[in-house]
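Per-chain residue numbering starts at 1, and chain names A, B, C, D and E are given in the order in which the chains are listed.
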Amino acid sequence: MYILEGEGVTKYFGGLAAVDGVDFRVDQGEVVGLIGPNGAGKTTLFNLISATYSPKPGIIRFKDIDITHKKPYQICRMGIARTFQMVKIFGNLPVIENVRAGAFFGKSTSVSSANATKDSLELLEYMGLSQVANTPARDLTLANQKRLEVARALATKPELLLLDEMMAGLNQAEVAGAMQLITSIKDRGITIVMIEHVMKAIMNVCDRIIVLHHGKKIAEGTPQEIATSESVIEVYLGEDHHAGSE
Amino acid sequence: MPESIVNILDIAIGGLLLGGIYALIAMGMSLQYGVARVLNFSHGEFIMVGAFSTLTLYTVVGINPLICLVIIGPVIFLIGFLLHRTLFHQLSLRAPNADAYAASSILASFGLLFIIQNLALLGWGADYQAYTYLNFGVSIGGAIFSANKLVILGFSIGIGLIFYIFLARTRTGKGIRAAAQDPATASLMGVNINRVLALCFGFGAAMAGIAGVLYSMRIPLNPAMGTQYTIIAIIVIVLGGLGSIPGAFIGGLILGIIGEVVTSIDPSLSMAAYYFIFMLLLLVRPKGIFGK
Amino acid sequence: MDTTRFKSKGFYIPGIITLIIFAGLVTLPLFGSLYNVILITTLLMYANLTVSWVLFSGLTGYMSLATAAFFGVGIYASALFLPITGAELPILVVVLIGGLASSIIAFGAGALTLRLRGIYFTIFTFGLVVLIMELLNWWELSVNKILNRYIMLVDNNYIFYVMLGLFVLVMLTFFFIRRSKFGLAMRSIGENEEAASHMGINVTMVKIVTFAISAFFMGATGAIWATKLSYINPHEAFKVLISFLPVLMAIFGGMGHIYGPVIGAVIFAYLQETLQTKFSEIYMLSFGVVLVLAILYMPHGLVGLIQKVWRRISGGKRVHT
Amino acid sequence: MKKRLLIILIGICVVAMMAAPLIMTGCGEEKETTAPTTQPTTTVPEGKPADYYTKEYILIGASRPLSGANAPIGDAAYGPVMKMWEEKVNADGGIFVADYDRKLPIKFIIYDDATDIGTMVRLTEKLILEDEVDLLFSACGTAFISAQAPIANKYSKLLITAEGGATTMRESLPGLPYVFVSLPFSDHYQLPVFADMCAAKGAKTAYIISIADLHGVEYGGVANMEFGRVGIDVIANKSVPITYTDFSLLVKEAKAADPDVFCVFAYPPIVLPVTGEMMAIGFNPPAVIMGPGANFGFYGLSFGGDPLVVEGVTCFAAANSKTSPEFAEAFAALEELVGWANLDWWGAPYYLPLVEIIEQAIVATGTLDNDVLRDYIATHHFDTILGDTYFEMFGEGGGLMVKETHPGEIGQWQNGIVEIVGGGDWPAVVLTSEWVYPKPDWPAP
Amino acid sequence: MLEVSNLNAFYGNIHVLWDISFTVKEAEIFALIGANGAGKSTLLRAISGLLLPASGTITFLGQRIDHLSSNEIVELGLSHIPEGRKLFTEMSVRENLEMGAYTKPAWVQKAETLKWVYEIFPILKEREKQLASTLSGGEQQMLAMGRGLMSRPKLCIIDEPSNGLAPRLVLEVFKVIKSLRDQDITILLVEQNVKHTLETADRACVLENGRLALDGTCQQLLDSEHIRKAYLGL
């Protein structure tokens, strides 16, 4: 059983196919990277998995359950959490409330207020955000806002976590921290699918990489396979075989 | 001609004429919303001011209402321009985001409604006043329509066309269109956004004023009359797609025809029909008939 | 803002003040003049509408102009069930009916419209008021052939207590919702609806339920308010201005704090009364000017202003709010 | 810590807000109770009111639509009558009140209800409870009076109403002993008289447009009945929403129906455009009755500034300058105050006697006690501008100015003024001209 | 030509740019590179007047421009071709170009300029009457650049021109940029495509987390260990 599986997932905007017949499979416990040039359809694919849109045509299954026509909140309660390319934190709420919101609603079973608070404080500790627990989220640095988004997603106790460009805009040290974080989340037994442009992170963290281009899947494989794949180099890495940042 | 054809003509042409009035009322509001992003609830008050000014100029000074257009239009334009430069510009500076500006500008325009209405009350008094102009019948294919209505439709089309050409052809017009689509990029092209927004607010106000000048030939005036036209304008611009000027024009015509058809069936349902269509459209096609 | 929940000590003093105010209000008819009771009933009516409005719009960020519709439905409930002769239902039951009828309409309207965003939602709710009014007018005129309805006059003190009771209820609801899981969901929606839905919040359900709760209080307030009017018709029951006043009052008071809308409503309504009686010739003018100035210079309302002044006094140190 | 202080501050503000009115009234009450003690040397004579020495004027309160939709109505007729009376009485030194053994000038408190019933109700209670007015003058419009009447009644305040009358109000009068209605309304001899007039001229068909509110529904309904009584066939009875603005199609349909009598029971925003449209398309039925609105000077001036244009339009009207020398004087005075455009030949003749009735009742009873005044007005005849004026009482309830005091019911524009052309055959009726039927053509543009 | 010194800027409450200083010399291609979110676009917005800097100065042709509005800055001869093209999608290709010549001096000679732009981008002439929204991605980028040139700029800021373009088109775009430099138009280029950029530009600086990390000639940067590791993946 795959934890996540897509068959012929397609999404048109106007007349244009943003995602075009993509098949994908994600195993339990894997870290899968999703790469491709801007406009390749990576975020759209995330939006399809997390039910912002419904694929048409195409089927998406989560642990063998068809989730093609579910609503975002149902998807979340089933155990898929996500972050956003442009951070979408609740800026005017204190950091702790952001996480508590995730803790409260992420699961279909009801959570007591005390438990939600306890879990949230633990998560903030884990993410290194305890000092700013009562600060309005909008006052955090970008790196911390991104961590907060991850914390909020983790608060929903997901089995699958979708990370959308988590490293974008982070400096070297922060990228290193984020990579560590991803590894440690993986160690908690959470499967991760991540969109990322920072190649160093992708190459080091991912077990497997899927490459999208113009909405189509053009390659899939281990980081080594991808780094040497002719077609990937052609469209993405640059024609002279160097893994340049796009 | 057989009577039924005359009747259909009555409804069809009558609807167009009524629609011409609605279009005139709505175009200015559409412009103000489409470019300046102000849903101006005091729009009707500008109509009222235009109408009262005409009445005063015509009955006291003896200036022909059509000449009043040339006087009142620019004056109200200036008022609108300055209002945007001061009040709404300040609001936009203070608003943290577009939604906050939308809300605060609605409320400010509501405040303006009160202020203008009270000033009119102090200046012109509360009583009904009216005059009529060009109030004689003109026959179109056997159906008779009052001349002032034809004049209003003419001006409505004329103003719509002139403005359309202005937007399509002139430098400022293109600047306005660009600003409506993407203010930041337009300013990168050299468009002085603040000036263009104020211009548009002024043009919108002037159109309301002109609508008031023209419509005052037909209706009795009092300071509280504006609100119902604001509501009609809102219906029309939703019908035509918020912010679209051709939409407002055609939306006005469509509403006019709907109005005449419903009136011919049961006049007491006419206003309810307007609101019903308007809300149905909002649900089915919030972007309006012509929205993309 | 809501950090107080972790410091329960902070509740004593405001709690005591609230109790004192409450005690003062409960005993008002004993020591206040009858007109004071009437005036404060009016202020409470506005406070009820404003807090109900903030309950939905303030928290979720959807600006509703449907207040007059729900208020009017409440008024009409009274007109139907508390006629001047032959009223058979107890007043409190009618108040309940008014509230329920409003929330049913809100539930339906909400299910239809809450997918509209921003200005479209606002315009729709605005249209709802006039549509209900026109349809009702048509119905009364063509079907019932009754346009004017007389409502039983009720003792002013009784109205006051019902209004006060509703006020306490709406405040408690607001207070507990704000502090509850549900309130957190609403504020999440207000902050970022998309993120909220991806965190397991059933945004549609939360919005509709809140819309209905807020409409309940508006309707109930309308139902008891109607007994003061003694006579209504559709045009008088559904006044568009009633849709705008709570918005203005909430902004005037400031929505950042639970007391903001109450203070806004009370001061605003009192100001309105003063202007109408002391400067009746220029009532609208001064009202409009106050409105524009308030929007321009008090973006966070009276409470924001007080907080700002307070910060100045307390040595200019920044306080996180 | 600071947050807590802040909350306290806010709390104090709320308390202050709540307490402010209490303190203010507290002070007010104090002043009033201490007032007599400031004159310790004199005690109030037996049987005289407590403010025997301190009363400065007769306080009259009214909640009027100074702004909003009803402002034009409130500003046109009744307001000026009040103003005129105030000037006249005060120039004379006031009204002699026996209770005080001296003349007391009158003073008005007028609040703006902004054409809102809720506000009007509250302001009425403020006038009664807070300002303690001696007399309450009526609000404007049938709906508003309908709401005000039960309240005046509840506080035992005499309420002689002006701009409003309806069969529904008459129905509720038996339960409202303090309420007196002066303005005639649909079946109160206006439409019966008009129907008889039409029948006498041989009219066969009628077409009715009425506004979709209380006024329109009632007039439309009664007209239906009355035309039926005299054998006139009502072809259509169309009702239009208050906010509707274009009447071309309606007028055309009416024209196509070719009625003998065309009725428009609506307000000026409808009456004026309908008239304009009739002129434009040349719809000229033998009889055209319109109102309220056509009974004002401005109606005549609205179509090119010359009232000759509306020659032959019929309206509701009670009296004009020709009715009597008193009316000539009164209309001249009113014209000076508000201009010819705001003269009202229907309302003013009934508002003018109201103040006379009140004044005479005060002088006769020597008191401002509303119960005494009410009983006096209920049981006495008055000599007013209308002549012998009195109210028909409904059992223990309120009163309705009887038709016998009406100088006329129906008016018609003739030679630029409204002539009184119809009014039954009761004693007070003074017709100033013959009803012209069919009406002359509209003048060519 | 353009001098930025000690520039600080905020986005809401977030401090985005920290003490940025650099200069662009006449008739060169100066590149600004850095990761997504490093603050490049914010810097450009500050230069072209869309964002008011908190402190620091920006001088263009000897004139302080940090408190001018963007329309005034365009008139001085600084054109900003924004990221994501930002075309006026409801206008035709030609109208978009005309918008580029909105400033009064440029408007007068727009016919002439148009010819020149059509020479650089012949495809735009073919598409003249089409709505901008109907163009392909590459054509849209060309239109955006053409529009930016219509104001006859002395300095052209180009933000992420290769974004979302196929490799063949990327090369094309860089060729055009070089040819502009050869026509004495100074270019301030912002790119994520570090390799291409450094091969095209004369000098460059690197923005990291809102701070200037490195600057120098392109060759220096290409040789720098930091760049090779962080941006070229070598």
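Here, a residue touches a chain if its C-beta (ideal position, glycine included) is under 8 Å from a C-beta of that chain, and two chains touch if they have at least 3 such contacts.
What you see is a predicted model; the values in this text were computed from it and never measured.
Asker: Listed by label, which chains are in contact with chain A and with chain C?
Answerer: For chain A paired with chain C, there are no chains in contact with each.
Asker: Which contact partners do chain B and chain C have in common?
Answerer: Touching chain B and chain C alike, sorted by label: D.
Asker: Provide the C-alpha centroid distance between chain A and chain D, rounded to the nearest whole angstrom.
Answerer: That gives a centre separation of 73 Å.
Asker: With centres defined as the mean C-alpha position, give me the chain C-chain D separation in Å.
Answerer: Inter-chain centre distance comes to 35 Å.
Asker: State, to the nearest whole Å, the distance from the C-alpha centre of chain C to the C-alpha centre of chain E.
Answerer: 52
Asker: When you check chain E against every other chain, which residues touch at least two of them?
Answerer: none
Asker: So which stretches of chain A touch two or more other chains?
Answerer: Where chain A is concerned, no single residue meets two or more other chains.
Asker: By residue number and range, which residues of chain B touch two or more other chains?
Answerer: 117-118, 121, 231, 268, 271-272
Asker: Which of the chains touch, listed as pairs?
Answerer: Pairs flagged as touching, ordered by label: A-C, A-E, B-C, B-D, B-E, C-D.
Asker: Which part of chain C faces chain B closely enough to touch in the complex?
Answerer: The touching residues are 61, 63, 112-113, 116, 118-120, 122-124, 126-128, 130-131, 134-135, 137-138, 141-142, 240, 244, 247-248, 251, 281-285, 287-292, 295-296, 299.
Asker: Help me check something: in the complex, which residues belonging to chain E touch chain B?
Answerer: Residue positions touching the partner: 48-50, 69-71, 74-75, 79-80, 82, 86, 88-91, 95, 98-100, 102-103, 106-107, 147, 151.
Asker: In their shared complex, at which residues does chain B touch chain D?
Answerer: My answer: residues 3, 7, 10-11, 14, 17-18, 21, 59, 117-118, 121, 125-132, 135-137, 143-149, 218-220, 222-225, 228-229, 231-232, 259-260, 263-264, 267-268, 270-272.
Asker: Quick one: in the complex, what on chain D touches chain C?
Answerer: Touch list, chain D to chain C: 2-15, 17-22, 25, 29, 66-67, 110-114, 116-119, 121-123, 125-126, 129-130, 143, 146-147, 150-151, 154, 166, 168, 172, 212-214, 217, 221, 239, 241-242.
Asker: Which stretch or stretches of chain D touch chain B in the complex?
Answerer: For chain D paired with chain B, touching residues are 66-69, 71-72, 74-76, 115, 212, 238-241, 243-246, 248-250, 252-253, 256, 268-269, 272-273, 276-277, 279-282, 293, 296, 298, 301-305, 341-342, 445.
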